[in-house]
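Before anything else, here is the set of structures, which you'll find just below.
Two complexes come next, and they have one chain in common, subunit A, joined by subunit B in the first and subunit C in the second.
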Partner chain A sequence: MLWAQLIIQGFLLGTLYTLMSLGLNAIYGVLKAVNWAHGAFIMLGAYTAYWLFEFFGLNPYISVILAALLLTLVGTFSYDVYVKPFIGRPNFGSIMLITTYGLALVLINTARYFWTDVLRGVRLGEAPISIGDISISKPYFYGGLFAIGIAAIFYIFIEHTRLGKAIRATSQDRIASMLMTIDTNRLSRLIYMLGAGLAGATGALITPIFAITPEAGMVLGLKAIMVVIIGGLGSYMGSLIGGLLLGFSEVFGAFFLGAGNQPLIYLLVFVIVLAVRPSGIMGEK
Partner chain B sequence: MVDKKMFGKKGLTKIQTIIIIIVVAIALIVGVVYYISLPASIPAAENEIRIGISLGLSGGYAGPSQRQLWGLLMAVEDINTAGGIYVKEYGKKLPIRLIYYDDRGDFATAIKLYERLITEDKVHVLLGPYGSGTTLSVSSVPEKHKVIMISQMAAADTIPAQGFKYVFTLLPVASQFGLTRLGFLNSLSPKPQTFALVTSNELYPLTVANSTKILLERSGYTLTYFDTYPKGTTDFSGILLNIKQTNPDFVYFVCYPTDAFIIMEQMKGLKITPKLLMFDDGPNDPKFISVFGKDAEGILTQMSWHPALPYPEVENFTKRFQERYNELPRHWSAFPYAAIEVIKYAIEKAGSLNTDKIRNALLELNGEMTLVGPVKFEDWINPMGVKLTQINTGASNLILQIQGGEMKILYPKDVANAEPIYPWPGWHE
Partner chain C sequence: MVNLKLQIYLAAINVKQILLILLFVTFMVAFPQVASDYFVSFLALLLMYIALAQCWNIFSGYTGYWSMGHQVFLGVGCYTMAILRIRYNFYEYFILPICGVMGALTAILLAFIALRLRGSYFTICSIAFAEIFKILALNLEWLTNGGAGILLPPVYKLYDFYYQMLVMTITLTILAYLIKRSSFGYALFAIKDDEDAARSVGINTFFYKTVVLLITAFFLGIIGGFYAEFLTYIDPYVAFADIPLLVAILSTIMGGLGEVFGPIYGALIYVPLMECLWISFPYVYLIILGCSLVLIIRFMPEGILPYIAKIRFRLALGG
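Here is the complex of A and B:
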């Protein structure tokens, strides 16, 4: 029973980490650069859900869509200022790392200015789901369900639509895709918006589980980056494996070795993966 | 253009050089002698009492520092409208002048400002800044210059553990917290038998947790599970499942507000219902009750001061504070206010502004009543065996419980305003 409980807990947490990293991964695939502002986008999504709940009593699971839409807007504006002017420069990857880090600071401190450091969170206060001795927190359960659903939709979009095909093609070879008349600049904007939207959706899903402050923007962003690096930069399957691995190692590590050793365990996983496969579990050699 | 000829082309003669050296030497000696004899021969007649502090009015500590200043300003105003503090050696009442600077929450700046308060502003007494880190950094400055500092916003044991002679700690320190945890558990019937303790692995929570753990174990309570977790932990299921397995009576988290918000949700999700559930920080955050609603009922927490305390000045202070600043006062304002009261008691007792006389008077205080309760500065050996000097043993950290959507004081018994809800009714479905 205990094992089942641990596995369920690790799995649900893992799906959230997967979703957290999916947008980051998509952006990396096309732009070949890390979007440091990803965590800040998650934070904004979380605040969106929080304020909608506070003012209109809107359930965060409905806000998921609104938060995603709002963040795609934030994404497109951010793209114009922080990403687009630098596309095509030889050291674009490092430039974007710095500009988006700046964007993260701007967003986090703006949030702090308007909403202060006061803790926010939505608590629905629903009774947990019980199956025998096992009990599952509803926000975790819904969070996991939504994460799987969104990831599945995203997967179908990438694998089975024309646009998805264009994204995959650009990820593999930008120049060749341009020659095949794919508008890679438009595609870059689109993927950045999509990534931001996924971050927004994640943010809304975590409001009933975690507590949010503007600072959470950095912490969550770092976790997402870790998942992506473990799983393999640019690989969607890698996001899934990396997310689950992080979720399981956190839950099992804390249970068997103490929560004080939790970072030790997942950082150990991180180091081992990088030592054995420097490009991540599913990364290209 | 300056004409070089004005100074002559030749250098000074030998005699001229000797005369100049002698004149300069005499002037120097006279000057030094005069300077040294000056303060001794003419005692400065004071017409005010200067109290100095450096505050983090901008920067990361701005919120609490601002409230600290409010408390100080109210205390100074209250004393000055009554004419000031009576100093026997001058035979009259002297008003207080509060001198404060902004250190922007920066340790190095704070150290410089305390130097300045002592050497340039010549303050008679210093007050400690906001936070344990800043206070620890600046505490060697008053000790070096032999000026008294009353620390009122630092709860770390490391400050009184330095054994300083001129630093006094008014706020209850972390290791004193364990005393009320033990006293509270002892006061319950039936007495709880077992406990689980989980703490954030930073210095201050660890001190609270270790002191509680040692005191409870010494008194026969059985520890079923102990763990520490790092800052930024978002998933507590590993810890919580361990607690569920060991099924303790009293579950105690020495945590920050964010952690309590996360743990509450996850604990409910895992259906863990101990007889007593306590979070050091979180339930005392105004948001907690509105966020958790009925689930918050019966949750325990701590505070070092509360507007419902039955001390004589509290009600009046709370009312005036609310009218002026439009919010309820917290310990951030109450302890600074009390620090000024303590200075008043000490100067009146000493009858002098002489530092050593004030220091002796501070050590002689024996339960004088202030806004934060009786004050008595003593040395104390904490449960970990560390000697703390000149801490306020009159102070105690309060145990509170959320009852009917309000915070009620349960312990110490002599200041309590409610009976405990025990055992905890558990999660609301």
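Here is the complex of A and C:
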């Protein structure tokens, strides 16, 4: 029963991590560069949900949509300043990593300036769901459910719409898709907005689970990046595997080694995966 | 026709430049005798930033592999110094080589994990690598005392630190010059231009990348040792802080990536600017750092030297 509890907990956490890294992966697919500000976007989404809850009593699961919309807006502005001018430079991947690091610094420290470093989180105060001996806290349950739903919608969008096809084509070969009259510049903007929106939605989902400070932007961003590296950059399946692996290793690590040593376990997983397969589990060589 | 080779060497030496450098070095050596403590500590940190930037330049500027994890070697140096000094009470200058060797050992680890990767993959892995060491330092409490940090013997070290950093800066600059002029340096620049082509003409690229990473890590470890002695208190957030490296990277880009004097020019402009901002707006400072980062990379991809050349050209035309 204990094992079932741990497995369910790890699975729910894993789905959240998957959703966290999905936007990062989508951006990597089209731009071939990692967006370091992803964690800052997640943090902004979390704060959006928190303030909507604080001022209007809005349920965080409703503000998922609002946070996503707001973050797409933030995404399009930051795309103009921090990403677009550098497309086409040699070494674009590293340059974008550093410029978006600057974006993360700007967003996180602005948040610190206005909202201070106080821990903030939404407390819904609902009883956990219990089935037999297994009890699951409701924020985890709903969070996992929403994460699976959003990921499914995203999957359908990528696989079964014209735009999704264009995104996949650009991910495979940017120049060839340009020749096929796909407007890759517009698509880059779109995917950056989409990635930011997904980050915002994730942020709203995690507010009832973890308390948030502005500094969490860096930590969550690093976790999302680790998920993506473990799974393999640019592979959605890899995102799923990496997310679940991280979720399980966190939950089991916390249970068997104590919460303080929790980071060591997933760092160990990370180093082992990198040492054995540097391009990630599902990544191409 | 006494000695043609010697004459060519003598002709190649730019007397004006060497005199300027000598003047600058003399000035820096004599400076602490006349300046206030605050100014000396500021200059010592400036020199440390130059040394950091020079290390980053030798690795990333020459090979084209942008590392964002170089602070890890600094942190390892700091911790080696602190642990050996507090636990075993070794003599300071005896520990320094050990700091360098520990940094180099860390670099071997990074090389085997990340140097097989290219481009942004390497950059991300270097970030993750640095973060791993920060978390390790936070969690391995028996070794590092965790988040509580380690207190070193509180000795007033400002002037020592200043001269140590001066020596490190000069050493690293000479090293950067020697590497750039040697066949080793040509191999590194070949890797930067086209790694596959470099491999196809028989350059063992992995070996060259690893060796240059080891060299920079060794020096960063030593700088870390000095830094720990200077700070007299370290914790994981100080030792593995990423902001100094970020400032160093920006200085290098501003001064010119892959140029021997690039980090010096860049740091001389950028670090005093940051210091002024930091004094006047403590919170907004990091926001400005984030903005200046994108501005420098956008408008000065080649560094500040082309701008200066342009201005001099205009002045020459006008005069």
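Throughout what follows, the second predicted complex is superposed on the first by the 283 of 285 C-alpha atoms of A that agree within 3 Å, B and C clash if a C-alpha of one lies under 4 Å from a C-alpha of the other, contacts with A are read in each partner's own complex, and residues count from 1 in each chain.
Following the convention adopted for this analysis, a contact is a pair of C-beta atoms (placed from the backbone, for glycine too) under 8 Å apart; a residue touches a chain by one contact, two chains touch by 3 or more.
Please read these numbers as outputs of a predicted model, since none were measured by experiment.
Of the two partner chains, subunit B is the only one that A:Phe255 touches; subunit C does not reach it. Legend: residue contacts after superposition of the two complexes on their common chain; A:Val271 is shown touching subunit C, with no touch to subunit B. By the touch criterion defined above, A:Pro263 lies against subunit B and subunit C together after alignment on the C-alpha atoms of chain A. By the touch criterion stated above, A:Leu52 is placed in contact with neither subunit B nor subunit C.
Contact with subunit C, but none with subunit B, is seen for A:Ile229 once the two complexes are overlaid on the shared chain. Legend: residue contacts after superposition of the two complexes on their common chain; A:Ser137 is shown touching subunit B, with no touch to subunit C.
Of the two partner chains placed by superposition, only subunit C is touched by A:Asn109; subunit B is not. Contact with subunit C, but none with subunit B, is seen for A:Met96 once the two complexes are overlaid on the shared chain.
Overlap of the subunit B and subunit C interfaces on subunit A: residues 260, 263. Against subunit A, in their complex, subunit B makes its touches with residues 198, 201, 227-230, 232-239, 241-242, 245, 257-258, 261-262, 264-266, 268-271, 285, 287, 291-295, 427-429.
Subunit A contributes residues 2, 5-6, 9, 13, 118-123, 125, 127-128, 130, 135-140, 208-211, 213, 219, 247, 250-256, 258-260, 262-263 to its touches with subunit B in the complex.
Interface residues of subunit C, counted against subunit A in their complex, comprise 64, 66, 68, 112-114, 116-117, 119-121, 123-125, 127-128, 131-132, 135-136, 138-139, 246, 249, 283-284, 286-287, 289-291, 293-294, 297-298, 301.
Residues 32-34, 81-82, 85-86, 89, 91, 93-99, 101-106, 108-110, 112-113, 222, 225-226, 229, 233, 260-261, 263-264, 267, 270-271, 274-275, 278-279 of subunit A are the ones touching subunit C in the complex.
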